[in-house]
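Every chain is named by a letter (A, B, C and D) in the order it is written, and numbering of its residues begins at 1.
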Amino acid sequence: MRVKVLFHSYFKDLTGCAETTETLAEGVTLGALHEKLAAQFPKLGAMKKSTLLAVGVDYQPREHVLKDGDEVSLFPPVQGG
Amino acid sequence: MRVKVLFHSYFKDLTGCAETTETLAEGVTLGALHEKLAAQFPKLGAMKKSTLLAVGVDYQPREHVLKDGDEVSLFPPVQGG
Amino acid sequence: MIRQLIITHDPIDETALLADRKMSAGMGAVVYFLGVVRGEEDGQAITAIEYEAFQKMAEHQFNLLFEAMAKRWPIESVRLVHRIGVVKVNEPSLWVEIVAPHRGEAFAACQWLIDEMKRVVPIWKRPVASTAVG
Amino acid sequence: MIRQLIITHDPIDETALLADRKMSAGMGAVVYFLGVVRGEEDGQAITAIEYEAFQKMAEHQFNLLFEAMAKRWPIESVRLVHRIGVVKVNEPSLWVEIVAPHRGEAFAACQWLIDEMKRVVPIWKRPVASTAVG
């Protein structure tokens, strides 16, 4: 299956791109995808503890199982206001 | 000595007047004046515990000693806003 | 600290008050409160509230509160308008604005000022029942 | 509950927002907050802040917060405007207004909404240093 990955705020600078597409085995979790991306983009890996993870428009826990066509977002702590 | 006494809010209804003048002995306290007025206006006397006392534009304790020409105010709890 | 106090029979004009706001580059927060006359008081339908102030003492007590605020919080501006006389349902009787560097102190100061006002400023209200206002 | 959410590149027009307020006779309190860009960030002088939003998620998260507010407090109206893009020093980036029956719940809800926004709504800021803005 394929999922789209979006990077927001300065995570775009850390990865050098705003989005990418990942091909994953069925049943892969959000946490496993995060590990894969952290290895692929070492500067993103360094921010692992403060990374927020969402699927579509909702936050999801690391155990969340991804589906084909999901849009995953990774971003740093939010700072609105 | 003479002091002017002002009644505010519904205390005017309780006494039937907005102000009065009292002739007092030197050294009389605010608390003693309040007792005198409570006797003079029984409906005001009934409100004694919730009465606020000021001299001029400042709240004063019952022990405050009055002076000739003072302007004393008696009123119920305030309710601005 | 900029201090503006208006105790007035005139309606509160929020737009005019907004236009008068002064705020330097160090300020990050404006908290603004409007108290509005509700259609009931103690479960009774009313059409208005009549506010009475002992004006010179009210001004003095508000100024004491502003003084205490200036000591306690780094506020740049406090402005307060209290309407007196008959204020109809749905019209504001109180407008307060605090300008401060940060949100926390602006909210704290605004709530403190209103609480203290209700404790010490000699203003009273009298509900006007449904038949009494034209 | 009236809900209005605007995430926009346009300047926040307080006067126009005031003119749009709806408030029934049961409501007694309006609390209004304005967040304004300050001239420094972490001790550095700045000329602006650039805000970025993940817009569709930001809208969804704001709506979840509005939903939670409606369950918790008897609020009649919540309106929120967040400006994105470059916001210069002394200009507002955030405007929030709560209309409720009483003061306590209006203040509580307004502060809660801003706290929660800063926790969950995907908006980020980047200071713009003195030389970078024309």
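The rule we apply is simple: contacts are C-beta pairs under 8 Å (C-beta built on N, C-alpha and C of every residue); 3 or more make two chains touch, one makes a residue touch a chain.
These numbers were taken from a predicted model, which means no experiment stands behind them.
Student: Would you mind checking the shortest number of contact hops between chain B and chain C?
Tutor: Each step joins two touching chains, and the minimum needed here is 1.
Student: Return the chains common to the contact lists of chain A and chain D.
Tutor: none
Student: Using each chain's Cα centroid, which is most distant from the centroid of chain C?
Tutor: A
Student: Cα centroid separation between chain B and chain D, in whole Å?
Tutor: 49
Student: Measure off the straight-line distance from the CA centroid of chain C to the CA centroid of chain D, and report it in whole Å.
Tutor: The computed centroid separation for chain C versus chain D comes out at 23 Å.
Student: Rounded to the nearest whole Å, what is the centre-to-centre distance of chain A and chain B, using the mean of the C-alpha atoms as each centre?
Tutor: Those two chain centres are 72 Å apart.
Student: If you look at chain C, which of its residues touch at least two other chains?
Tutor: 35, 103, 114
Student: Can you list every residue of chain A that touches 2 or more other chains, as numbers and ranges?
Tutor: Correct list: 81.
Student: Judged by the touch rule stated earlier, which pairs of chains are there in contact?
Tutor: Touching chain pairs, listed by label, are A-D, B-C, C-D.
Student: Considering only the defined contacts, which chain D positions touch chain C in the complex?
Tutor: 14-15, 18-19, 23-40, 89-90, 92, 101, 103, 106-107, 110-111, 114
Student: Give every residue of chain B touching chain C within the complex, in rising order.
Tutor: That would be residues 6, 8-10, 52, 54, 56-59, 73, 75-76, 78-81 of chain B.
Student: Which chain C residues qualify as touching chain B in the complex?
Tutor: 35, 51-54, 56-61, 82, 93-94, 114, 117-126
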